[in-house]
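By written order: A, B and C. Residues from 1 in each chain.
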């Protein structure tokens, strides 16, 4: 374990050194690449949190894509209809929670196959949003970017971390918060217990079903915020098929990050950096690699890392199995 | 308890569904049943895999077709293609009802339209953005010199940039009109740079062909990356992808953006804070004049060159110095007449 | 009740082919979904009656209509079959999309680049090449699962993205048609085109034959039995002396081959060349189809025909009734929901229905 930690520290130092080198060479470019990476990576990271919250409690959620899609839709249409960004955000959270609740209903109460339940959410979201979608709506105003005073003046870290929209700040703080909650609170302990040994947790007095409902529904709210980030903060509109597979990529990030919020955040940032560097290569016109190869790089890397480096990824033990109390 | 909640959820969901329903009925001035009779004039439109409300070329083409049909006292209707394998069968639906004119939108439909023109010699076909290489007398390709519109927009950008860095976030370069916009834009900037004796850095970023026109998140983030590196005028062209870029630039104080195809001041209001102009092709006009020609019996085969232009500056005329506006106007005349070449091969 | 007994009961249920419930549930699900969609159409200002009449007439009312429906159903049967083979062996193959696209491009290449062969050789060869590359794509995921324990859902999601990018590169680079701006290959030669059979696409009959073959293998052969045993319980299979790794490899390779063949049949029978947009979503529809058919190789056929018919008739529906063609996606989602959710089952079986479980969790 300590060996693993020191390995991780070396890796962090190496990454920091690489950034420092590039920053030394061209500060403005490095700063904008990393800042862009956060915009690319944040929705992926938040979506991965949805997965972590569900899976840590023993529910597989493959419906993250659909949850994000339908909440992005709700956020945009409610915000543009009632002319309020805040109400749009609330609508996204409510719709996200509904999607989570529906998943919980299918997976926990109806004991349906969880992967099918998630697939149903994806297909329902695609069908509903593409059928109900109507052009010609506009947001009442753009989601503002908030530059945090003083902190934004720190070189490199200022523009990278402190010049974003409100959902980005929320997202970054939430991920750290979730990490703390998962590993250092009673809720976290119970959640992980239910995900690993629902039977023992039950014996110890934890209501397995209620906790699963709670976590999956809350995870839906996070998915709703991720959707709202896309339609309200990043783009300012909604289109059919808007999430473009981000919910699926998030599943990989979750595993890549070993069901740990900070790990998944790091994985998402890795994806973000890869995307931003792809663009930078095009901007600088340095190399003429076909764009498609750079696009597939993160996916190839993930497979390689999973196959050769990570090796021992282990999901929560009770994942995917319905739980029934009186069974003995 | 869960049952009651479920019932509540279903009720709320159904109410929400009823709330934001699109209306998608065709415009009916005369009935479709009369199509094919001597008195009726029916115009059908088949979209590319896009929608007639896409704020972009499908929408403009549909508006042109609708207006021309209305002027002629005729009937118009559209089909939105979902699957590119259905181009031909969607055209067939209109042909079976004996429509007089069928408009097909988008260069991907060129093959299907050329084949349909041979199959239905009595029907007139108008192919928007399609270079027509066939000899059919009933098929007219409507094409545009996008490079000229891009050139003019680039020229303006070259005069407006303060940081001497101008960028473009575009759909894919495998689509010829997009590439013509991009190349024209680049050359227009160079032209302005030469006039001012300055060096201006120009960067064009293309999306990969897959999902090229439907990735606003990529457009927004990429525009953000350019902004972060001091680019202050950004051209966004490529359906939703380009619109995503415009929306991002709008949030940056002092940065300017340029739209594409139609006057996007009107169609993408969220871009208004930055939208100084749009590189336009007058699609609706082109379609309606061809439909009118078809009605009059004067439509010819081959290709019809549509008009281009740049959109009015609207509220942002305040950032365009009067001298620059004058120069752009003068150059517009020269580019349109052909005295100034864009340097882009057609 | 554990997952295993549920699975066993699902299998038992399916053995009684003439059980009224197994036919009634999907049927009622379709009706309920159509009713909800009708309400939405009505609210939208369109006439549901006109819409459905138009849909039925254009999809099933004429010989060309039926031809189009079956043409649309063909790749759906095959991609559904690919997912089904996985499910039977306990694998959730989300990668049918990537496998199908690999097969489509490979067969298009074989169809335009190989000259001078008679049809009797060229066509089967092109189909086989398509199946081979689909199989290869599936096998990568299988190997990752068998030897490195990487869950197939993750690897196939990654592989889908990789294949989409790769194919996009090939079709706009080395395999691109000369002198054309479009991202597409040259047209397939006549000798590699799948012919029509009395106006009906021959590919559909290939798909039917394969479905039957797969059904037979699972029902009657030991290899099929082995795969299913692995699917039900890996540990038990291992104790029984079944080579679990080999079974996983076989299931993914065969599933990939079937999906690849779906892409090949689509390319050589319908589109006549490869263009990336031609195959969008076919593999993902396969997931819906497989779930609708409850992972039964024969059960997927009616579902595929139904969805093929809706896809074939969507344009007419918009033409005659002004309904947006996306209604088909909505109908698919609702049907899947009602087929899978135990609501209907419970109601129709008066409480005796068991929850369905076709796939496992991530497991290992």
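Please note the rule applied: a contact is a pair of C-beta atoms (placed from the backbone, for glycine too) under 8 Å apart; a residue touches a chain by one contact, two chains touch by 3 or more.
Nothing here was measured: the structure is a model prediction, and the numbers come from that model.
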{"item": "Chain pair with more C-beta contacts, A-C versus B-C", "value": "A-C"}
{"item": "Chain whose average C-alpha position is farthest from chain C's own", "value": "B"}
{"item": "Approximate Å spacing (C-alpha centroids) for the pair chain B, chain C", "value": "35"}
{"item": "Chain A and chain C, separation of their C-alpha mean positions in angstrom", "value": "29"}
{"item": "Residue list for chain A, restricted to those that touch at least two other chains", "value": "128, 133, 240, 292, 295"}
{"item": "Overlap residues in chain B, where contacts from two or more other chains coincide", "value": "17, 21-22, 208, 210"}
{"item": "Interface hub residues of chain C, defined as touching at least two other chains", "value": "40, 165, 168, 324, 326"}
{"item": "Sites on chain B touched by chain C in the complex", "value": "14, 17-18, 21-26, 49, 77, 79-86, 89-90, 93, 107-108, 174-176, 208-210"}
{"item": "Of all residues in chain A, those that touch chain C in their complex", "value": "55, 60, 62, 106, 110-117, 119-120, 123-124, 126-128, 130-131, 133, 240, 245, 248-249, 251-252, 255, 290, 292-293, 295-296, 299-300, 302-303, 306-308, 311, 313-315, 319-322, 324, 327"}
{"item": "Chain A-touching residues of chain B, taken from the complex the two chains share", "value": "2, 5-6, 9, 13, 17, 20-22, 51, 53-55, 59, 167, 203, 205-206, 208, 210-211, 214-217, 219-222, 224-230, 240, 243-244, 247-248, 250-251, 269-270, 273"}
{"item": "Of all residues in chain A, those that touch chain B in their complex", "value": "28-29, 31-33, 35-36, 39-40, 43, 77, 81, 98, 101-102, 105, 109, 128, 132-136, 138-139, 142, 144-145, 159, 230, 234-237, 239-242, 244, 275-276, 279-280, 282-283, 285, 291-292, 295"}
{"item": "In the complex with chain A, residue positions of chain C that touch it", "value": "1-3, 40, 92, 144, 148-151, 153-155, 157-159, 161-162, 165-166, 168-169, 173, 287-288, 291, 324, 326-327, 329-334, 336-337, 340-342, 355-364"}
